[in-house]
Each structure stands twice: as structure tokens, then as C-alpha cells.
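Notes for the one structure printed next.
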Amino acid sequence: MKVGIINVSGYAGSELARILHSHPEVELASVTGRSAAGKRLGEIYPHLERLDLTITPDLTGSLDVVFSALPHAASAERVGPLVEQGVNVIDLSADFRLKDLSVYEEWYKVEHPCPQYVEDAVYGLTELHRTEVAPASLVAVPGCYPTASILGLAPAMKAGIIEPDIIVDAKSGVSGAGRGKFPYSEVNESVMAYSLDGHRHMPEISQELDRLDGSADVALTFVPHLVPMTRGILASCYAPLKKAAFASGDVAKARVREVYNDFYSDESFVTVVDEPPMTKHTLGNNCCLVYPTVDTRAGRLVVISCLDNLIKGAAGQAVQNMNLMLGYPEDEGLRQLAIYP
Amino acid sequence: MKVGIINVSGYAGSELARILHSHPEVELASVTGRSAAGKRLGEIYPHLERLDLTITPDLTGSLDVVFSALPHAASAERVGPLVEQGVNVIDLSADFRLKDLSVYEEWYKVEHPCPQYVEDAVYGLTELHRTEVAPASLVAVPGCYPTASILGLAPAMKAGIIEPDIIVDAKSGVSGAGRGKFPYSEVNESVMAYSLDGHRHMPEISQELDRLDGSADVALTFVPHLVPMTRGILASCYAPLKKAAFASGDVAKARVREVYNDFYSDESFVTVVDEPPMTKHTLGNNCCLVYPTVDTRAGRLVVISCLDNLIKGAAGQAVQNMNLMLGYPEDEGLRQLAIYP
Amino acid sequence: MKVGIINVSGYAGSELARILHSHPEVELASVTGRSAAGKRLGEIYPHLERLDLTITPDLTGSLDVVFSALPHAASAERVGPLVEQGVNVIDLSADFRLKDLSVYEEWYKVEHPCPQYVEDAVYGLTELHRTEVAPASLVAVPGCYPTASILGLAPAMKAGIIEPDIIVDAKSGVSGAGRGKFPYSEVNESVMAYSLDGHRHMPEISQELDRLDGSADVALTFVPHLVPMTRGILASCYAPLKKAAFASGDVAKARVREVYNDFYSDESFVTVVDEPPMTKHTLGNNCCLVYPTVDTRAGRLVVISCLDNLIKGAAGQAVQNMNLMLGYPEDEGLRQLAIYP
Amino acid sequence: MKVGIINVSGYAGSELARILHSHPEVELASVTGRSAAGKRLGEIYPHLERLDLTITPDLTGSLDVVFSALPHAASAERVGPLVEQGVNVIDLSADFRLKDLSVYEEWYKVEHPCPQYVEDAVYGLTELHRTEVAPASLVAVPGCYPTASILGLAPAMKAGIIEPDIIVDAKSGVSGAGRGKFPYSEVNESVMAYSLDGHRHMPEISQELDRLDGSADVALTFVPHLVPMTRGILASCYAPLKKAAFASGDVAKARVREVYNDFYSDESFVTVVDEPPMTKHTLGNNCCLVYPTVDTRAGRLVVISCLDNLIKGAAGQAVQNMNLMLGYPEDEGLRQLAIYP
């Protein structure tokens, strides 16, 4: 199978190239870029020199699957025609994640360039939408924050054990902001919160939590923070436990773990861990580590969830979806363990 | 005035030495250490070579004020006799922070060595206990997390605009754990939550929030995180706004800012800032930066508060208290601006 | 083929486990540890949980190849009997690197526990000793600094274009010191030189440079530095160009590049690069990047060489040697690209 | 005395502002900026909010001393007229550092805008040019790399104990490149060499070494490296010891230390240390730490020298010069100890 990447020059694009290079079943046949067009891929990313590819302004040749790593709006414009031609498209932008066009337009301040494909696009959080992904022709890869947050909360939400009153306090490394952002001297040795008036990943999280809750009334506060590291996202999720659901204390902790273990028992890429996880344990692999517990004094569910924002939070999850769409084992090309330390 | 430091060999002790060295009104006359006794201070801390002091096993000479940077329990044992002799004591350990002995003993798993002084000891969060600090002979310097958390929540708590249902998600640099902790390779490029079953700074925060609220029923979830930086704490504080208190939206934000501006209008060391602050803006100085806002969708107060854990969160605040006790200007020796970048 | 690791609990051991896990031709059948014996590997290294191995005090079962990641002296003691039994041994310690026993004993301050195997042991810098490695039964994996330094200097040394008056100024991340070393707060935001009276990797570099030079008189100054990062070594190598060898200026640069390109033209794991490389371009893979140039004003060869100290500088090079010993393609299990950024 | 800063918006400018704010004898009366003109200083540097200054396009009011933190060429153009008017000028750019105009023009690729002041300008490496600085009206503050390198080599050079065949391998934090440079994700966890074809600080070092050597033939190789930290420069300096100068071994080490101790015995800001120093021990203060030793096997002097590139390597040294020019104690406003850890 031949695959292509639109806009290989950002971090999501370059990680896609790296992962696809070692995927035994596909050939990365075409990569595009804007300002980098005409250059060899190895010129802008020396670690990819061995791929021996030249960046072109447009895709070339016949392709079975196309990944788009363009920014929102630009992505929908570019992949619309491909979808029409019947090419399988996996879009890493935000364009096809939100089912409600008015929400998209409110948060992204732009008219949707391709509204006709929104309904049929599948939200590619594989663990929650596996059966829809396989037959899909357009998959929207979730954002990095939503992947960590939703995987952290889904079992509790689905099981109905928490009130729909949720706080996600997320911590991200710098690479999530894209290539060339944040000068070292002003990020290092510092932590800050940002987007306190509302981050664009919030409505995505809300949409999925509402769906899991079967309601439309989840009150969600989402506050992202920038921490001085390159990769990794850790989401700390808080919600009141429903009083009826549990007795207090250790019983609640055990019951919550059971809910989570059951929910993820068959998953290759989500692990319910016994100790609070660190992002370093996910560096370079496609896993999300989830640690659910209970603050028994306050009667609150606390879940810590973490992943590599460029892998499970972007390129890896995109390939995971591709595997389903093409009928390969879900973890093909994604079995690499984390690099530690 | 002559001052001494018990246990100068940790980071709080060494920062005390550094700050006191440049304080124009006092002379650092004696520093003690255990394993380092007999060495010159400059041998264990080369940046303090100019202080020209030798570490002794016990305090020497007559001293007007003694700082203790010993661990809990060991500290109370050591300073008890000094209090009895009428020496002013400023204790950086946890021993005299908690007014309820049973809470102390539950969280610190030790019988209090000096219970007779607990009642009269003053909780040295200067901004909230200023009038008690001045005449005190024993001041308990708050923990680093509590300083950031309580300063972040105090105005809202005092004004009665939030429900007593609070989450503090705190992020700390590594120096808070003390000297020699956390190997670089396993901390760098990683974020993790810890002490999810309860951190010892929690009861301290509860005690002060209860006091401000005039109740004893604040439900507090406190989750600390370790981030890859040396200094700095950032506390993200969440609480539901009381419905009656505010209309929604921008009115709420403005009203909250007013509450905070009023509360801190006369403070030298707490600044209500207009943009979410970064810990880097406090490096090396005694300020706490507080940014209050409202998540208008969820009706929630969100406050971001940050400081240098070794200065305002430890040694600087200790000197701030000393200044009050000795009748100096509160910011004497503490006017240094942050080092940036 | 079944392989075992003695002392899996350090970083070299854990990286061996990670790499061997994804090697298609071998099975990691036994891992030992001292204090960790009895624990599951995933308990001490959560990222290795999927290997599903229990750490034992001694190797178990019949093994075709054994890696030792023990410290020097302890390693020779342990692998001696294995060599005697005819097991292929790949030793990551310093015990079999130095051919001159008196040099070993001078630098390591210990009597060699197994001197009888020193002569036949092969110094496993694969690129320089490939033909000896294949038939060897005992291979000594070079140190991380020597690998970077020797690969940086070998072509020039061999070609006889430099005077034997060499300085290697090397910069290493913290993981080279082993697990649990160097507290974060005292390493971060700092650079330092160390071992200025002589580092144990120096005689190893001397031995190989002497061999390449065909003399015994290379004057080598080797100064290692600790830089605040987890992985990576960068060696900056300096030597006077022989006057006779080159005309000055751009001719010299071009000629030097030719020498290097020729020397490494058939290598999978050494790349002569066109721009000064960064250690980040080697993170997690087995490559050494070499950039040779000339300071034409001073008539000096300058070579920058870098690699991942735990891969090409330890575990990866060990597996590269194993591949040769077992007759697999030299890059089997080692084709992974660097993780960037 | 009233002082002004031209171009306060870079790191050197902001550090000048911070230091001058706490200087008891001068008032910072005017600060200029280009794109930031019209803003309050606290808007672009929140940590400087307390200075209560507005950035103007041009200097305002009558000033006794003006610091220029403009880039080269732009600086000479701007300060020329001030020098003519008799204002004391301290220039942090490269414009007045090099005495040989042709060297300046070769390295900076620009015609010198103010050649008439080059001869009388004083190279403000205070320790070497103290007597010239006091009466000067135009002082050129040395670059950060030259300050560390020259202070590391000056005693040996002056004493005539080394051959004029020198290598300086320097490691710098990121702030040296100026504000907004180097995205975090591509600098963190990485080391690289740069400017291998010649760095602009090289001729400055040559000029001063030639002067100390009394010759014009020092062969200098200078290779800077970028390390992942914000502040700090560490220069590792290598030179062959003159054979006649010393017997080998420990005698040489002791003699070298004597040379260095003598040379710097009266200096406030250069300390000859007993252990290899780390840059962290200079964070935020004006000291240069120098550690001289001998590689007795190779007969080579090795000196490690380090400082805070924004203080002793820029703003602090500028203030040190100002103190001399205005007749204040040389360390006025500069007595702050390093912030550690």
C-alpha cells in the first residue's frame, strides 16, 4: 500500500514519516511541504535522511492513504477533493473532529471549508470508535490533550459513577505547540498556565464526554499548562463521585480500578497502571498510561493519564487508525517500547 | 542583631544564609550542620564561600533570632529549649504549623516533641497573620505548597464567593524535595503526579482555608506534581463560584479581580497580575504572583498562583517574618527582583 | 537463539532488554539483578513491563549469548566461567577492553580477576574490529566516550594526516554515570568539567589511537564534561594537521572530508554529515554522526562526533557485535531512526 | 547620577535595568527600544514592573552615562554623537572592541560607522584594563565568550609559561544568542558545536592574547557549543606548557596555581577555585571562576573558566566598568551571591 503525507514539515508530519518508514506493510511514497518544497526530507530533518524522499508541493503518484498534517481550515480544503476521489484520508487537523459546525466555527473563527464531510467523518480515538474507524474513508485524529483527557475519563463517564462536573488540569511539553515555537530561554525552568479563557481542545473533550454520558450537560473546566520538556502530556482529571455509586474509602478505590481495568482489558495501547505514571514512560511509543484513584476525603475521582503527545497524541494514533482502515493488526508498526530514561 | 541557622546544609538553610548575608541589619553569626559539622560553609556550598563561616554541631554565641531548617520532629526537639530561653525562633519545619495536635500526629506519624508551644506559635503566612507575627516568639514558616495555594485562594475564601469545594493542582520544581533527591535522568523530560493518597501539606492548607471560611468543612483535593525544573511552584486552584455571588460572564471576572486587588492592595510581596504568570518571573525573589479568573462556562473560579519555593516558599518568607519580629521594614533584605530569563 | 543479561537493572542493561525485545532472531530468556532479584522487570522499569520477565539472582536455562552489564571486576569474575564453558560473552564493562594488564590495574585500582582471557578478547568497536568480532567468543564493548572519540579520529589517524598530539573535549548527558546518579537540582542549568586528573576512558582511547597510528606515542588530553541532558555524547576532537599533508584552506577541508567519506563509505552506523551534528539527531538509535573540518587559520583538524551513549555507546553496539557473532545482518534489530525532537 | 539604556528590550538590556535598579548611587532615568517604544518596561519584562519606566524611541533628559545594548553597527551609529557630546558611553556591542579596523570589517562584514573613536575606546575587560577604564569616556564591554576565555588564559599568557598554540572549547547556554532565539524542542536534550568556520568572538580573544603575549602570532582555535541551559558559559582552555618552564607532574600543577593565584589575588570578581567549577555557581552574580591545572601526561595546561554570560559576560561587567568611570567602589551594586541551586 502506498501512503502520502501532506505537510511533512511539522512535528506531526515528521513523526508520521518516521513511524511509516518502519511499518512493514506500507510504503511512504510522497511527502509535501510548502516552504520546504524541493528540498530533501533529510535537509529539514536530518534524522530522516534515510527515507530518501524529496518534498514536493503536491502529492505525487497514486496513493491508498493520505495523512494530512496541515493546520485547520487549510487541511479541509486540501483533503476535500481527495475524499471525493475515494482516497482514504486521515486528517490530523481539527477540521473533522467536531460534529457541530457552529461549535467548530465559534472556536476556530473560520467558516468550515468542507462541511459536507463532517457528519461521516469518524473521530479517531480508536479505543472509543474502533468499529466506525475500520470502514471509514475519513478519520479525524483527536488532539493530543483530548486523547489523554478522554481516555482518562471515559471508563468513569461510561460507567456513570461521576457527576458531570469535571476539571482537567493538563500539562504539556513544548512540542505540542508545533515547530519553532517557544524560545528555550523563556520556557526552561518555568511552568505556566495558558488559554484560561478557553482552549480549542475543550469542545472536543466536551463532545466525547457528553456522548459517553448520554447527555449534553457536562460542565468541563479545561486548563492547559506548559512545562519545560519536549514531549509528553499528563492530564489530571477530577470529578465528584456519585454518592450513590460507592461507599467511601478503599472500597471506592478498588471499585474504580475495577471499572477501569474492565474498560481497557483488551486494549494494546491503554494500560491501567498501579502507580502514578510519568510521561517519560511513554516517550516514543503509542501507549496511554491511566492511573485512576479516589480522594476519599473529598469523595472525588482523580485520574492521571499520560502519553507522548506526538505519538498516541498525533502520529501514532493516526497510524493506529490506518491499520484498522487497511485491515492490518492494530499495533502493526507501533510495537516499539518507550525509550527510557 | 545576631542570628543563627540550625541545619544550614539543606537548600532552605543555604538560601537563608544567602539572604541573611545581604541583609543590612543582621549578622549571620552561627550555622550548624550534622554531617557537615567542622567544614567551612564554602566547602559544601561554594557559592557561599564569601560568608566565611564554619559549620558547627551546635549554635555558638548569643543569638537574637534562630532559624531552624531541620526536618519535622527533630526541629521541635531542638528549638523547644531555645523558646524556653526566650530566643526568637523561626521554624521552617512543619512542627508548629498545625494547631490540632491530632492532625499533626496523624499526618506526621510521630508524637509531637513540644506540644506546649503549639498554641502560641504563629503560622507565618505573613500576609494573613501579620499582626500576630510581630509580637511572636515562635513563628512556623508555612510549607511551599501551602503558601502558593492559600495566597491563591484567600481573597475568594474570605470574600465568601466560592463554595467550600476546592481542588488545588500544584506543580513543583525538584528542589522542594530537598538536597540530593531525584536523579536527573529520571526526572528530566517528565511530569508526574505524586502523593495521591494524601500529601502532608494538605492539612495545612485545609486549616487556613477553614479559618478564612469560618467553618470546618472545606472539601479540599490537593494533588502535587513534579515538573522538570529546579525552582518554582505553580498552584492551579479551582472552586465553584457561589451562584448568588455573581452574574455570569465578564462581570464575574471583573468582580473577582476587584476582590483580589482589594485584598492584596497593600502587599509588597503579592502581586495580582494581568496575565497568567510563569514561575520564571519569580526566580530568586520573594514575590507571589496571583492571577484570578473565572471559567464562565462552568461557573468556576480559577486562580493561578506562583512563587519561588525556596524564597517566598521558605527562606524569604522566614526573613519576612524576622523583619516583622525585629521591627525592620517588612521587605528589608528582600527587595531583589527576579532573575530573568 | 536464547540470550541473557547479567545485571539488567542499570541503564545499559535495561536498554539491552528493550533492544533485544524487538530483535526478530533472538529471545531474551534470562535477566539477572542483585538487589532487584525476585522482582518483575516491569517493577523496576515500567516501560519494560511487556517483556514479562522476572529478575533472578543467576542466569537460568541454556543460553547462546550472555551480555554482562556489571561494573568492572565484578563482570570479569562472573563471565570468566561462562567463557570457559564456551558461551559467547559480550561484556559491557571495562574488564576486557585494555590489552595491557598493567594499564588496567593502574587505572582501575584492582587486580584483574581473569587475566587469561584478556588477550583473546576483542575490542568491540565494530567498525574497526569487524573481522575479529565475528569469530570471537568474548567481546569487550567500548565505553561511550571512547566510541565517540575513536570514531571521530580514526580516519585521520589511519590516514596519517595529523600529528599525534590530540585533545578530546567531550560532553556527556547524565545517564552515562549510571542509574540514580546526580540529583536534578545540582545538574540542571549547569555545565562542568570533571576527572581532570584523568578519566578511565582515556587509556582506551589511547590504546586504539596508538594502534591506528602504528606507534605508542600519541599525546592525548581527554577532558569530559557533564551537560544537563539525559542522553547523548558529543566529542570535539582537535589535532594539528601534518604540514606536509595538505595545502591550507578549502583544499584541506575537502581533502579531510574525502578521507572521512572513504573510511566510512560502507558503514551503516557511522554517517559523515555536512553540518555540525547535534546529539538529539541520534536519540534512541545506533548511529554515530561525524563532522570533520579544518580550522584553516590554525592548521588544525577539528572533528565533531556524536551518538546516543546508551545505544551506540553501550547497548546498541553490544547488539551490533552480537549480530556479527551470530551471523545476522549487522543492523538487525537496530534499524530504528532517531526520535526527534 | 542619571543613566540611560539604549535598547533595553534584549536580555543584556533587561539585565542592565535589573542591576541598575538596585545600584544605590545611580538612577535609571531613560530606556529606549524600537518595536517596544511606547510600552511600559513591565509589559515586555514583567519582572521589571517595579522599575516603573516607559520605553521611548530615544533617550530623554540629561544623562551622565549611557549604556548601549544595540547590535553592532547600529550601536556605533547611535553612540557616536553621544561620545561627541561628552557623555560617558558603555557599549555592549562589538563595535569598539577590535582595535584593527580591517579585522572588524572582515568579521562583521560592514564598514565601521564611527572609526574615529576606535583608538581611544577602552576594551572593558576590567581586570586587564582597569587603569584605562577609569578615565575613559567610551568603554567597549567584551563579549561573553572572550571574557571567560581571556580570564582563563591571561595569567598563563602573561607569565609566558605556555606556547602560543591555544584551543578554547566553549560551552554556552542559550540566552547568549539573544531574545527569542532557539526553539525549546530543538535545543533541549541536545548539544552541538557551531560556527566551526569562525565565530566573531575569536578575533577579540586573539587580540587580547596577542597583547598579553607581546606578539602577534597566537594560533587560536575557538569552537563554541550550545548546551541546553539558559545561562552560563564554561570555557575549557588548552595550551602546551613551555618545556623550559616547568618540571613535570605535581610541581607543574602547583606552580600553575601559584601563577593564577598571584595574578588574581586582588580581584573581587575572579576567583581561582580548588575544584572544577560549574556554571551554576555563578548564576546571577558577577564572578568568573577559574580552575587551572595541568595534564601532566601530555604536558598541557588545562584551564576551566566559567561565568554567567548575562552578568560578568555582559551587563554586570558593564556596571563594573561604570563604577570605575564614576569613581564608585568597583563592586557597588554587584555584591549579590549566586542563586543556587
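Labels A, B, C and D are assigned to the chains in the order they are written; within every chain, residues are numbered from 1.
Just so it is clear, a contact is a pair of C-beta atoms (placed from the backbone, for glycine too) under 8 Å apart; a residue touches a chain by one contact, two chains touch by 3 or more.
Here the structure is a predicted model, which is why all the values come from computation and not from measurement.
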**Asked** Among the other chains, which touch chain B and chain C together?
**Response** A, D
**Request:** Could you find the chain whose CA centre sits the greatest distance from that of chain B?
**Result:** C
**Message:** Suppose each chain is reduced to the average of its Cα coordinates; what separation in Å results between chain A and chain C?
**Reply:** 37
**Item:** Inter-centroid spacing, chain D versus chain A (mean Cα positions, whole Å)
**Value:** 46
**Message:** If I count partner chains per residue in chain A, which residues reach a count of at least 2?
**Reply:** 11, 173, 175, 185-186, 188-189, 228-231, 277, 283, 341
**Fill in**
Listed in rising order, chain C residues that touch chain A in their complex are 11, 14, 18, 21-22, 45-50, 175, 188-189, 230-231, 271, 273, 275, 277, 281, 283-285, 335-341
**Request:** Name, in rising order, each residue of chain C that touches chain B in their complex.
**Result:** 11, 173-175, 179-189, 228-230
**Fill in**
The answer for chain B against chain A in the complex is residues 165, 167, 169, 171, 173, 185-186, 188-194, 196-198, 219-221, 223, 225, 227-232, 234, 236, 238, 276-280, 283, 291, 293, 295, 297-300, 302, 304, 306, 341
